[in-house]
Amino acid sequence: MQKENSSRAAKKTGLAPGTVVYVGKKANKNLFIDVFDYNKDYLDEKQLKNIEEAFTYENKETITWINVNGLNHVKEIEKLGNDFELHPLILEDITNTKQRPKLEEHQEYIFVVLKMLYFDKDQNLKFENISFIQGSNYVLSFQEMDGDVFDAVRDRLRNNKGRVRSNGADYLLYVLMDAIVDNYFNLMEVMGEKIEELEENLFEEKSNNDLIQEIHGLKREILKIRRAVYPLRDVVNHIDKVDDSLISEKTQLYLRDLYDHVIQVSESIDIQRELIWGLMDMYMTTISNRMNEVMKVLTIMATIFIPLTFIAGIYGMNFENIPELKFQYGYFILWGVMLVIFLGMLYYFKRREWL
Amino acid sequence: MQKENSSRAAKKTGLAPGTVVYVGKKANKNLFIDVFDYNKDYLDEKQLKNIEEAFTYENKETITWINVNGLNHVKEIEKLGNDFELHPLILEDITNTKQRPKLEEHQEYIFVVLKMLYFDKDQNLKFENISFIQGSNYVLSFQEMDGDVFDAVRDRLRNNKGRVRSNGADYLLYVLMDAIVDNYFNLMEVMGEKIEELEENLFEEKSNNDLIQEIHGLKREILKIRRAVYPLRDVVNHIDKVDDSLISEKTQLYLRDLYDHVIQVSESIDIQRELIWGLMDMYMTTISNRMNEVMKVLTIMATIFIPLTFIAGIYGMNFENIPELKFQYGYFILWGVMLVIFLGMLYYFKRREWL
Amino acid sequence: MQKENSSRAAKKTGLAPGTVVYVGKKANKNLFIDVFDYNKDYLDEKQLKNIEEAFTYENKETITWINVNGLNHVKEIEKLGNDFELHPLILEDITNTKQRPKLEEHQEYIFVVLKMLYFDKDQNLKFENISFIQGSNYVLSFQEMDGDVFDAVRDRLRNNKGRVRSNGADYLLYVLMDAIVDNYFNLMEVMGEKIEELEENLFEEKSNNDLIQEIHGLKREILKIRRAVYPLRDVVNHIDKVDDSLISEKTQLYLRDLYDHVIQVSESIDIQRELIWGLMDMYMTTISNRMNEVMKVLTIMATIFIPLTFIAGIYGMNFENIPELKFQYGYFILWGVMLVIFLGMLYYFKRREWL
Amino acid sequence: MQKENSSRAAKKTGLAPGTVVYVGKKANKNLFIDVFDYNKDYLDEKQLKNIEEAFTYENKETITWINVNGLNHVKEIEKLGNDFELHPLILEDITNTKQRPKLEEHQEYIFVVLKMLYFDKDQNLKFENISFIQGSNYVLSFQEMDGDVFDAVRDRLRNNKGRVRSNGADYLLYVLMDAIVDNYFNLMEVMGEKIEELEENLFEEKSNNDLIQEIHGLKREILKIRRAVYPLRDVVNHIDKVDDSLISEKTQLYLRDLYDHVIQVSESIDIQRELIWGLMDMYMTTISNRMNEVMKVLTIMATIFIPLTFIAGIYGMNFENIPELKFQYGYFILWGVMLVIFLGMLYYFKRREWL
Amino acid sequence: MQKENSSRAAKKTGLAPGTVVYVGKKANKNLFIDVFDYNKDYLDEKQLKNIEEAFTYENKETITWINVNGLNHVKEIEKLGNDFELHPLILEDITNTKQRPKLEEHQEYIFVVLKMLYFDKDQNLKFENISFIQGSNYVLSFQEMDGDVFDAVRDRLRNNKGRVRSNGADYLLYVLMDAIVDNYFNLMEVMGEKIEELEENLFEEKSNNDLIQEIHGLKREILKIRRAVYPLRDVVNHIDKVDDSLISEKTQLYLRDLYDHVIQVSESIDIQRELIWGLMDMYMTTISNRMNEVMKVLTIMATIFIPLTFIAGIYGMNFENIPELKFQYGYFILWGVMLVIFLGMLYYFKRREWL
């Protein structure tokens, strides 16, 4: 996590504010731009070859969704930003992949930053920054790289399912944000499975320090998820108050629903956090339990045999005058005595419930 | 818990918002609809065969309570919703059993979502979603499946007990919510008994990892209960501010009382939470106490017999010249010496209060 | 605690709201009603035989304090309530001994619920509900059973000490609440002594699981006390804002002082809570310290004698050719060697500061 | 701490509110009153023999600081209070040494209660109550007993240093409060040294239960300090809003600076609190570390010598037919075997890094 | 940390408020003053020899940044303050290196205090106080000693990069604060590396009490960092509300961006804090794990050899009549029996998964 915070610093320290710099590791080889231009009765989907083609959409009467993949192509993003008259600081925020979720209301558009969260193939938690610019009749979206959670939205656009084609750009923004938040539920499910798996592993005998590191890893992950999701509550709540020239009253209703979902995810995060924090205690207790078992075995064995060995030692002494040694059945009597001691010990441990 | 959060995602990801889908596991084979139509002097109770029969009640002057069991019958619920002119998002929320408790005030009705909590036969905590629509002269209630906590309310309606028949739909809503909240007290009682039972088990010798899992299980349960009850405080508090065309001032008084009860349950949850969190510490301490006992037994036995065995070993050596071995009473003197050592050890342990 | 929450449920589930039912265990055989009727120059103290005698006091110009002991006499309380035109929900709250502290402002009177806390003979923490109705010229007080903290107030009334006789019903209410809050200081003192006693017991060798249970018991008690006292802050703070036809500005000053005392008790509760929570950690640490001691004794004994016993074992072997055995002073030389080893070990343990 | 809370109760339970009683242990034999009467050009410092002499200062045009040491002289304080027309509740608060810090704004004066904190000769934390009454041209200060932190202020008055002589009573009040808050920094320094000392002691071998009690003692102290300082934030912050007939705008600036200092002390308290809470964990961990060391020594010794002793035991047996015993170099071969086992063990422990 | 709090007290107790005293350890031998005087087209950079030269810049139309290094040169700072008509309390705050971050809005200027944080060569965390006075056309900055994070800013001024030369003094203030906040990201990166390093060390066998001290040291550091950064949120947030004669609306936008960064740092601090707090638990658990390993080795060795040694002891006894001793193959049969016991034990430990 500190890596993330600081890589920004590493690249940006000393630069003038508002300088548009790509801060991030994952790079997209090619800039990928796809456009959905639509209204109720019409849909035009195409991929743009260069950024200049996008400029024509700004003043069309139809609703346009321009999706840009590849934040490392800074120049092109800057051109697009200039055409759409975005503030330099916003361009800086778009390309800064460490930007925290936020909402900014401007005269002509609103600017929203979110985090897309997913586990990669190696089950590592990944964060991808996604920014939206929503104007009166367009939505621009900027992603770090290819691959997103919007395929279902694209389907609905193509097939004119749901209400998305009959509504404005504000509804499109809502639908896209909803897709991201819906994906958080999937994420929480994976986290939940990880926690349950860990819980089960805790009770296996062969546990070791790896488990401690896994618990610590989960802590880090849930803290990072919380950091990505919590600010969303302010963001979604704040959209409610955006001027209704940009967000219609009808869409507000849907946004309130989205807010509900964000709260629900936050609550899940809180619960999982408490459970993860409890795991270390649980593990500690199972270790103690196990050590208790080990100690009992040692104590029982030692307590039974130590006095018996002592007695054997006594009659191994070489004193010239040890009368017992000369008794004909001395050896057998001794076995009897030892048996009595042995049984007495067993009874004692049984009564203390150690056996 | 994560299961719950995510099953929503699993079923709903990619669907258009406002799509009415049943999200839940428990399914009711048949849709069950019962209606109470009443005023001060009149009561008509009947079960409906199909949803269309319910449409007639919307504009009757009497108060009508239409209770629908079986959220999986989505089509019928959608029909009813359309007839009562409910917003699509509300219909979505009704059938989404993962919906968190909330209140929404609309022009013509208010919409309330609550959780019904109970332990099933295997003492597993179950959640059932219940939604209310209250208009000026009707209350619609939607439950996941048969079985609820409203039998006492039905009795009062039938026998004209209490004030319910002489009051409006707002009072009926209050009475139904009150029945749910009253049931929380029962739930807290069961939780309290579980905690006390666990506390007693902690001190038994034969405890093991099961106990840790039980404590962890209680944590999960209280977290889930808290999640179901806490939002209620906002809900009930907010009803207070609902326009009094829907909730009369007289009913407000009762709702303030209900709010009181919700706070009381919340406080119980907080206290139980702190007690459950303390259980793991308590258990850890009892384990340490027990290990201390085990160690003492081992140490006492070893400390007493190790030097004695050493002495026996000495006189078991085969040196040709060991003068003591030839003393006539050497063996008996040695026993005396050992006895002195033994008693000295006992005295030492007594003084350190280990015995 | 859960018992308390739930006994309400057990008795009340299914009853219509506003039904006046006695919820509680302690029952007073007889209803006990005593009345103080007074003004600056006049005092009439008497015990009433039946509740109807109380009705005459409602409209007298003098100040009247009617104290009712025995909440199980529901019928009589209902009669009194009807005569003083109290709302049914208030009557329900009065007889519900699980009611949390609260204040309600009505047109003609204010309604206050408090908790009287005390330790009984067996040092068990007890809660008693007490409700006040204060009108312009009367105070009604309702207690679960005989015995209260108001004797000093009665004395002052009888002997015209202090300002109570020269002030109105609002001042009487303040004086009664002040007596209850003053008693909390006594309670905190007892709690403080219990904590200190426990702290001292922690360091005694013979401690055991009882101690864990006592610490857990203290946790429960402080949580219950907090639950009874915390809401008082809102109550007293809120009185400040009551319409001054019921509470004069002069009395407000005194109430602000009372608020100060409530805050002071709350702070004491918080501090004691932190100390009690620390006790379990302390105990855990003392156990570990003690186990460390035990382990050291074992280790020192074993480490010293195990090599010595090994050496004795060597020369107890029956090899035909062990040259040392034939040395004339072999036995004595061996004692010398063992002494050197023994002293070396002692020196080692001294240097590690284990001795 | 509980002692403090409750001694109030012990002495005051049952008294009428507003009764002026001295609640405290430390008593001043004689009442000590000193007066500074001054303006820019004039200073009169004297000690008063009886309280009546103070009455003349109320309406002088010069600024007067009357300092009263000895809160147990209740009668005299009452007389002074009556002359300066103080409310009875204020007089009660002045003599109640358990009063929490607060500010009250009255028509003609403001009333401030603070705590003076210091460590006595035995390093015990002591609290002394100090109250101020500030009118338009006078400041009354009431201390429990002789000895305070105002000597520097007195010097400045006498030598006309700083701004104090050229400003009003409000500035004098600020200067006095500033002296008290400045002293808190000294207190925090001592606390900090105590914490560091404890930290160092934790790692010494000879630690014991005393350390646990010292940590617990620090907890109590920091909780008490916090209790004395935290309310100050409200007090100082509130002064800001006092009517400017009593506190001039110019002085407000200084008070904002004082507020800054109070916040700074609060932050130090919070940090120290976290560090103290961490000490118990640290101690627990060092104990575990130490026990680990002890266990390793035992295990290494036992593991090495137990098999060797077993082998010696084998050849100490008296079977008639044990061929090895008759080998001429059997004894020396055995020593070789034992050496190999010994070295093997050493190698094993080295590899596990236990040595 | 307590050192810092208290050194203020040590030096300042007893001084009149507003006395300008240098509170700090690090002293700059010489006062170092450098000035940037610029507008869009012009830049004059020079070092001043004495403070009086600075006076001329107050009323120039160009923007001037006067940077003063060496807070121990109190006299000169006082002179500068008087010339720029700063309030004495502000001068006191500038030279008080323990001043917490704050913002004060005055008629003619705003006053901002920040902390510059860095690790010195020995990886000790250092704090340096830095104060800014921003008037309509000048910024004064005061540092404890040479060396700062502003070199990049100076470069931009010299080379007319970015927007700084074309904007006013408010923008310069923003740029300087931004440089400080950017540096916090570097700091968090170092902290993050320290945490990760510690985590790895936890799992090495040879860990010891040093680790505990390092964890405790990290706690102290993160608490101190938090203390330096948290108040910044109020500071930056508050600047937003400063009268726009001092801070233009245009600059406000940039400040909102700065606020974002401060929040981001705060979140990183919170996450690191939780991780550091978890380290002690982690360490405790690894110790327990390790002790468990040690105990297992001991128990396995002892449990296997104790019964075998007992058997050897039996046949080492000197009874005259022990029939087994006379069997021809008695010795070899015994070896067989011992092997069986040995293998049985191994099997037992395998099954319990201790091996």
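Order of writing sets the labels: A, B, C, D and E. Residues in every chain begin at 1.
Rule of thumb we're sticking to: contacts are C-beta pairs under 8 Å (C-beta built on N, C-alpha and C of every residue); 3 or more make two chains touch, one makes a residue touch a chain.
Just so we're clear, the structure is a prediction, and the values are computed from it rather than from any experiment.
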Any chain that touches subunit E and subunit B: A
Required minimum of steps from subunit C to subunit E, each step between chains that touch: 2
When subunit A meets its copy subunit E, do both sides use mostly the same residue numbers (more than half shared) or mostly different ones? different
How big is the gap, in whole Å, between where the Cα atoms of subunit B centre and where those of subunit C centre? 26
Could you please state the distance in Å, as a whole number, between where the Cα atoms of subunit A are centred and where those of subunit D are centred? 42
Find every residue in subunit A that makes contact with two or more other chains and list them. 281, 284, 288, 291, 295, 298, 302, 306, 309, 313, 316-318, 322
Of all residues in subunit D, which touch subunit E in the complex? 151-152, 155-156, 161-164, 174-175, 178-179, 182-183, 185-186, 188-189, 191-193, 195-196, 199, 203, 253-254, 257, 260, 263-265, 267-268, 271-272, 274-275, 278, 281-282, 284-286, 288-289, 291-292, 295-296, 298-299, 302-303, 306-307, 309-310, 313-314, 316-322, 352-354
Complex contacts: residues of subunit A adjacent to subunit E: 1-3, 5-10, 12-19, 87, 89, 92-93, 98-100, 102, 205-206, 208-209, 212-213, 216, 219-220, 223-224, 227, 280-281, 283-284, 287-288, 290-291, 294-295, 297-298, 301-302, 305-306, 308-309, 312-313, 315-318, 322, 324-326, 328-331, 334
